[in-house]
Every structure is written in structure tokens, then in C-alpha cells.
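Next up, some structures in C-alpha cells.
Shared between the two complexes below is subunit A, which has subunit B as its partner in the first and subunit C in the second.
== the complex of A and B ==
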């Protein structure tokens, strides 16, 4: 079976909610070429397709969640087989903004970032602005990724922007923002001081990659 | 208590029975228009539905019984077109801030009576959780408990709660809730509307 056919089968298995079949497809492919390669050439392209479908509301929350769980399962197996995806990028500091407790999106972002080889420092829910910046400075992270579900909590992200600016870190540490509210109200990204957003959790690795490079450029004397 | 002039009230149907009880008791002259609670799952559609309802009242401000349920709610408030009940969502509007925050910090998933009656439609058709195993994993990962808020308007739907417990593999606690807080918000909202200048 070709790679393209296998990708199609994996996509169909996830969209039809068949976790066992999806895992079996990934395991079979890993049997030939290992988990690391399976993640990069089989799983990641399928996740990108699912992300596109998610944006156009052609798949359910459950299908997106299942995709995350399958990615998590596969990462775990890669670790067990000592074929872990090397954490070649990052770290990225991740968390829900102060007063925000909608953890699902953040957890999915963490999984997809790890799948793409990013080291993730997940601070959890309801994280004060200072804690985000402290963690980024301590771990030399160049991107903070912050999640907020609603308008009322998204406004709290401005506190992180203010804290970054107050410490003279503007441009050196980039601020990625995400959550349902930004998809519907994109102008909010700039209003809260964000440097960029992604349309969904699966698109986050590309965003972080871009922001990391932008921060890099601005660090060159 | 009676209302001297017609006050337009627009509310989410998740609180329909409770609001009808309060309005008929405290504001018999006030009628309320309810918007389908399923639009909670589709914030853009909810925003449009609210705009349509508001436009039917011209420039007259309305009392809106909603949380921060779509991204432009605050704009509506700032424009002076609506007076909104304080609270981030229907659960906070019903429970009050302290009790809601207590549940939030404990990681409770709160079932209001109207949503409870539609739980299959919400979780299976809207969210796509047709596989109970995946639904259990999802709930266990994101919540620490299931709580049914018994507002006393309708009998506790024991069979339905048993179905929910069975589906999610998580016990459902029944917690009585008085309507006092919600009633206070309505009194306050009507009072604020009546104090607004007439040119609105």
C-alpha cells in the first residue's frame, strides 16, 4: 500500500471514530519504518488535513479530540520503542490565561507541538501573566502560547503583553494567542497584544515555527 | 412587584422554565423571547440571532439574559443597546459568582435542566461523541465531576441522569439551586433599563 493510500485510510479511520483501526494502521507502518518516521510522514500530514476540515466545521469536536488522542498514543509508543520524536525545537511555554479553565484546546496544542518536535512547558489553567513570562525567561523560550476561550478571558492576555514589554522583552519573546474567540474575532489578536494566532490546535506548530524564527531574527545584534 | 412599562427581555432557552416562573411571579407584564440554547455551540450564529432579535426592538434597549457567549456581546453592551445579566455563562447567572467559581475550581461539569433534557443531541449529534469510551476519556480528562443543578421547576430527571452517568462513567450529583440569585439579576436588569434615558 502506498503512503498516500495509507494516509487516506488513516484519515478515514479517525473521521469514522475508529481509534483501534487508526492505531493499527500507524503500528503497521511503524513496523516497517519506525515510529519517528511514521509520525512525520504518515500522521502529521493527516493531522494537517483534519485541521483544515476542522476550520471549515466539517468535523466534530470529538473527531478533533480523537486525532489528539491518537497522536498522543503514537508519541507514547515512540517513547516506549526509544524512537521518541527528538525535541529539536523550543521550548515553548504554554498555558490558559488567567481566569480561563477551558483546558481541552491547550492540551491538544501541547500534543500537536510535541508531535512536531517542540519541547513544551505546560503551565496549565488560570496562569497569571507574571508566571508565563517567568517561565519563558527561566527556560529561554522565545514563544509563549496562550489559550483563551471567551472574550472576557482573552482580554487578560494583554497582561502578558504588558509584562513582556515592562521587562524589555518585546520582540525577543513572541506571544502566540489562540482559542475559539480569536477565530470569530480576529482583530482581537492585535487588541490583546498577540503576535499571531492559529486557526486551530493542529495549525499551531506552523505558527510557533514562524514566531520562533521572527524572534530569532530580532535577536541578531 | 410590577413593571410599569413593557420591557423587552431576550434570553437563552437554557433558562426558559426558570425565567418564565420568575417573570410571571414578579413581572407579569413582561414577556421574554427565548433563543435556542443549542446556538451556544455556534457562537457566530448566536450573534446573528441576537442581532435579529434586537433589531425587532429598534433603538429600544433590551435586557439580555446571556453570559459571555459570543465574542461581540461586550460590544452590544458598550453600544448601550443591551443591559446584560452579569456572569460569564448561564451557570454563573444561575448560581452567582462565588458558587460558580467554587464549581469551576473543582472541575465540575454543570448540567442545567434544559440542557440535561437534550444531552444526547448535544454530546452525540453536536459534539460527535457517539463512542461512549471516547466520551468517558474526554470527560475524565477535562472534568472532575458531573453536577445536575436542580432549580425546582421540574422534577429531577432521574432516568436521564442515570443514562448520563452510564454514558460518561461518572457519578452525577444533584444539587438544589434556588432561583433567588437569578430573580435578583432580573430585578436589577429591569431597574437599570427603566433608568435609561428615553432617547435610547
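== the complex of A and C ==
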């Protein structure tokens, strides 16, 4: 079976909710070339397609979730088989903003960032603004990625922006924001002081990549 | 000219002319602000809740009042841990269980003794007792197909549906039994109708196959066993693209639509017999300029001028705590002063 055919089968398996079939396809491919190569040549292009479909609202949150879990499973196997995807970028500090407890989006973002080779420092739910900035400074992260599901909690992201500005880190540490509310109200990104957002979890690695490059590291004390 | 909210709502249900559509703003939370009540007390004391809603009546005089719009309280009755925020309804801090292995151990709460359910029921009874002669009282309860996502968390519920369908079916049977008991108890407590936010019926959330094969049949059975009218609430997503799927659900008197939904399209799908409720975006009222808000109010009223089965309602979640009092007052006054043409 050609790579293109296999990609199509994998895509169909994920979109139809068939985890077993999707994993079997990946395992078979890895039997020939290993998990690391399987991730780069088979899984990543399929995830890219799923991301595009997700943006255009042609697939469900459940399909996005399943894609994330399959990516996580494959990443784990790559580690187990000593063919780990090297963490070549980052770190990125990730967390749900203070008062927010909706973890699904954050978890998916973490999975897709790791699949793309980012080191992720996940602070969990309900993270105070100071903790985000402390973790970013301590680990020399150039990007903080913060998740909020609802309008009421998204407003708390402004606290992280204020904390970054107060410590003179404006432009040096970029603030990525995400969550359902930002899709409904894109203007909220600027209102809370975000430097960018992604339309879904799968699009986050590209956003982080851009913000990481834009961060002004020249002037870090 | 109709004198009472009951008459105005009855006219809308029957498709009869009234001088303006009935209206309600989602002000479950806002009552806490108007009475200066801490949310932790407000969402624990039915007396404080009723005081808040009386303050809402003094401010906006809506045609419908709702019981607490605080679905996590139901999840609490199943064992979830809540967090109380100062300017929001309670939220779920920790789900009731952490793994699929624990799902089968879940049991439904006793609707006569679980404290958070008792609070919701007492709130309805108080509202009925104090204000029910003036206004219909609406209970807001969680759909049986959304409850698993609250109790388990969204990820574990999706996981259960994908990986262990019989277990998911068992869980839905349990939540359905609870839902029917609770819904019928609220009708016995005096609720005129129930609003049921439904997010996990949506093909943008779950696999369409799960929606068709598992979710909708479950919802059909549960709604059929409910002893009063239901308003199917959009739950945060546009409903119109999928409205056709929900039309055959039993006991659904109307559909509360998202602010992004096209009301004309909704009417053409539903036909003339069902109520349409909508669709001013409630959560944005705290941040938009008043003239823009009133422009939107005017637009909705003009759009539905000939639609006798229309009820003006704010869409989505509660109107934010920090929304200016003047904004709500102005919206209510604008709707009340609007005159439908065609009869004197």
C-alpha cells in the first residue's frame, strides 16, 4: 500500500471514530520504518488534514480528541521504542487561566505541541498570572500559551499581560491565547492582551512557532 | 392588549396576536449582583435566589423568570467538586470520577435529599409561590446526554463513547432515569416549562454516528417521559444547521437559538407551530456600547414582527455580572415599548 493510500485509510479511521483501526495502521507502518518516521511521514500529514477540516467545522470535537489521543499513543510508543521524537524546541509554558477548569483543550494543545517536537511545561488548571510568568522566566520560555473556555474566565488573561508588562517582558515573552470563546469573539484576543490565537489545538504548533520567532530575545537581561 | 405575562406567553404558544413578543433576559446570576449577595450564598439559599429574582423583576419586569441556571450543581449531586467564583455561577473543579473503570459505580442522586437538587427545587417553589401568579417560572436542567460530560469531564465522556459503548449506554440509562425524575419533580414544584441546554447532541461535538445511533434515541426516550413542555436550548452552538434533527423530539414546545442563528431560516425549518426564542447575545452585553446593543434589539424585533410564536430571549449563558444596570433596563424598556402592527 502506498503512503498516500495509507494516509487516506488513517484519516478515514480517525474520522469514523475507529481508534483500533487507526492504531493498527500506524503500528503496521511503524513495523517497516519505526515510529519516529511514522509520525513524520504518516501521522503529521493526516493531522494537518484533520486540522483543516476542524477549522472549517467539518469534523467534530470528538474527532479532534481522538486524533490527539492517537498522536499521544504513537508518541508514547516512539519513546518506548527508543525512537523518541526529540524535543528540539521550546519550552512553552501552558496552562488554563485562573478560575478556568476546562482542561480538554489544554491537554490537546499539549499533545499536538509535543508531537511537533516542543517541550511543554504544563501548569494545569486555574493557574494564577504570576505563576505563568514565573515559570516562563525560570525556564527561559519565549511563549506562554493560555487556555480559557468561557468569556468570563478569558478576561483573566489580561492579568498575565499586565504581569508580563509589569516585569518589562513585553515582546520578550509572547502570549498565545486559545479556547472556544476566542473563536466566537476573535476581538477578544486583543482585548485581553494576547499576541495571537489558533483556531484549534492542531493549529497551535504553527502559532507557537511564529510567536517564538517573533519574541524579542535580544534584550532579555 | 395583554395585561399579564401569563397571557402574553399563552398568546405566543397559541400563535395569537399580542402587542409585543414576550421577553426574558438570562438573569439568573444577575440577581446576585442586584441584591449584593455573594455567589456562594446565592447558589446555596433558595431564599436569596428568590430575592435576587424579585430584584430582576423590579429592574426589567420580564415575562419569564428562571430557576438557577447553574448546571454544575446537578453535577455536584453526582459527586463533582465545585468552585464558587465571585462573579460567575459555580463551576466544576473536579469531576466525580477520574477513570472509565469507575463509571459503573456511579449512582444517581436522590432528588428529594441531595442538597444541591433540593436547593434548585426550593428555588422553583419559592419563585412559584412569590411570583408565579404574575409570571411563568422556567426550570433549567441538564440534558441526560450532557450530564455525563459534566460528571466525567468532556474528555472522559468522549473516551467512554469511543472505547466502551455498552458502558456509555448504561451511563445514559442512569442519567436519563435521574433526568426524568428531576424534570417531573420540577413540574410538580410548579415550573411552567423546562429549558434544557443541549450541547452534546451536536454533531460538531460528538461523532455524527454517535449522535444518530446513541444520543438522539436516548434523548427521545427521556423527553417522552417528561410531563410538561420543554424548550430545547442551543447550549452554546448554532442550532439551525442541525435543527431538523431535533424536530421530532417529544414535548419540545420551542427552540432557544444561538445569536449566530438565522431566525428566518429557523422558522422555515420549524414551520409555523413551534416557538422560537432568541437571540440577543447575552454574554457580550457587559462590553458592547448601548447603542449597538439596542440596534441589535431593534433588528431582532423587526425581523420577528410578524412571527407570533416568537419570544425575545438572550442567547447563551448568563448575562455577565458587570453588565451595567442601565443596559438591562434600556433593553427591557425598548422591548416593552415596541408595538407590533396589525391589531389594536
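Observations on the model:
In the analysis below, the second predicted complex is superposed on the first by the 215 of 221 C-alpha atoms of A that agree within 3 Å, B and C clash if a C-alpha of one lies under 4 Å from a C-alpha of the other, contacts with A are read in each partner's own complex, and residues count from 1 in each chain.
In this section, a contact is a pair of C-beta atoms (placed from the backbone, for glycine too) under 8 Å apart; a residue touches a chain by one contact, two chains touch by 3 or more.
Computed from a prediction, not measured in an experiment: that's the story for all the values here.
On the superposed subunit A, the positions of subunit B and subunit C overlap enough to count as a clash. Of the two partner chains placed around the shared chain by superposition, subunit B and subunit C are both touched by A:185. Within the superposed three-chain model, A:104 lies in touch with subunit B and with subunit C [touch as defined at top].
Contacts of A:114 after superposition: neither subunit B nor subunit C is touched. In the superposition on chain A, A:142 makes contact with neither subunit B nor subunit C. Once chain A of one complex is fitted onto chain A of the other, the partner contacts of A:16 are limited to subunit C, with no touch recorded for subunit B.
When the two complexes are overlaid on their common chain A, residue A:150 makes contact with subunit B and with subunit C alike.
In the superposed model, A:60 makes contact with both subunit B and subunit C. Note: residues 17, 19, 60-63, 65-66, 69, 101, 103-104, 107, 150-153, 180, 185 of subunit A belong to the subunit B contact set and to the subunit C contact set alike, using the contact criterion stated above.
Against subunit C, the residues of subunit A that register as touching in their complex are 16-17, 19, 57, 60-63, 65-66, 69, 99, 101-104, 107, 125-126, 150-153, 180, 185, 191. Residues 43-44, 47, 68, 70-74, 88, 104, 107, 126-131, 134-135, 137-138, 141-142 of subunit B are the ones that touch subunit A when the two sit in their complex.
Against subunit A, in their complex, subunit C makes its touches with residues 83, 85, 87-88, 91-93, 153-155, 158-159, 161-163, 203-210, 236, 283-284, 287, 317, 320. Listing the residues of subunit A that touch subunit B in their complex gives 17, 19, 59-63, 65-66, 69, 101, 103-104, 107, 150-153, 180-181, 184-185, 188.
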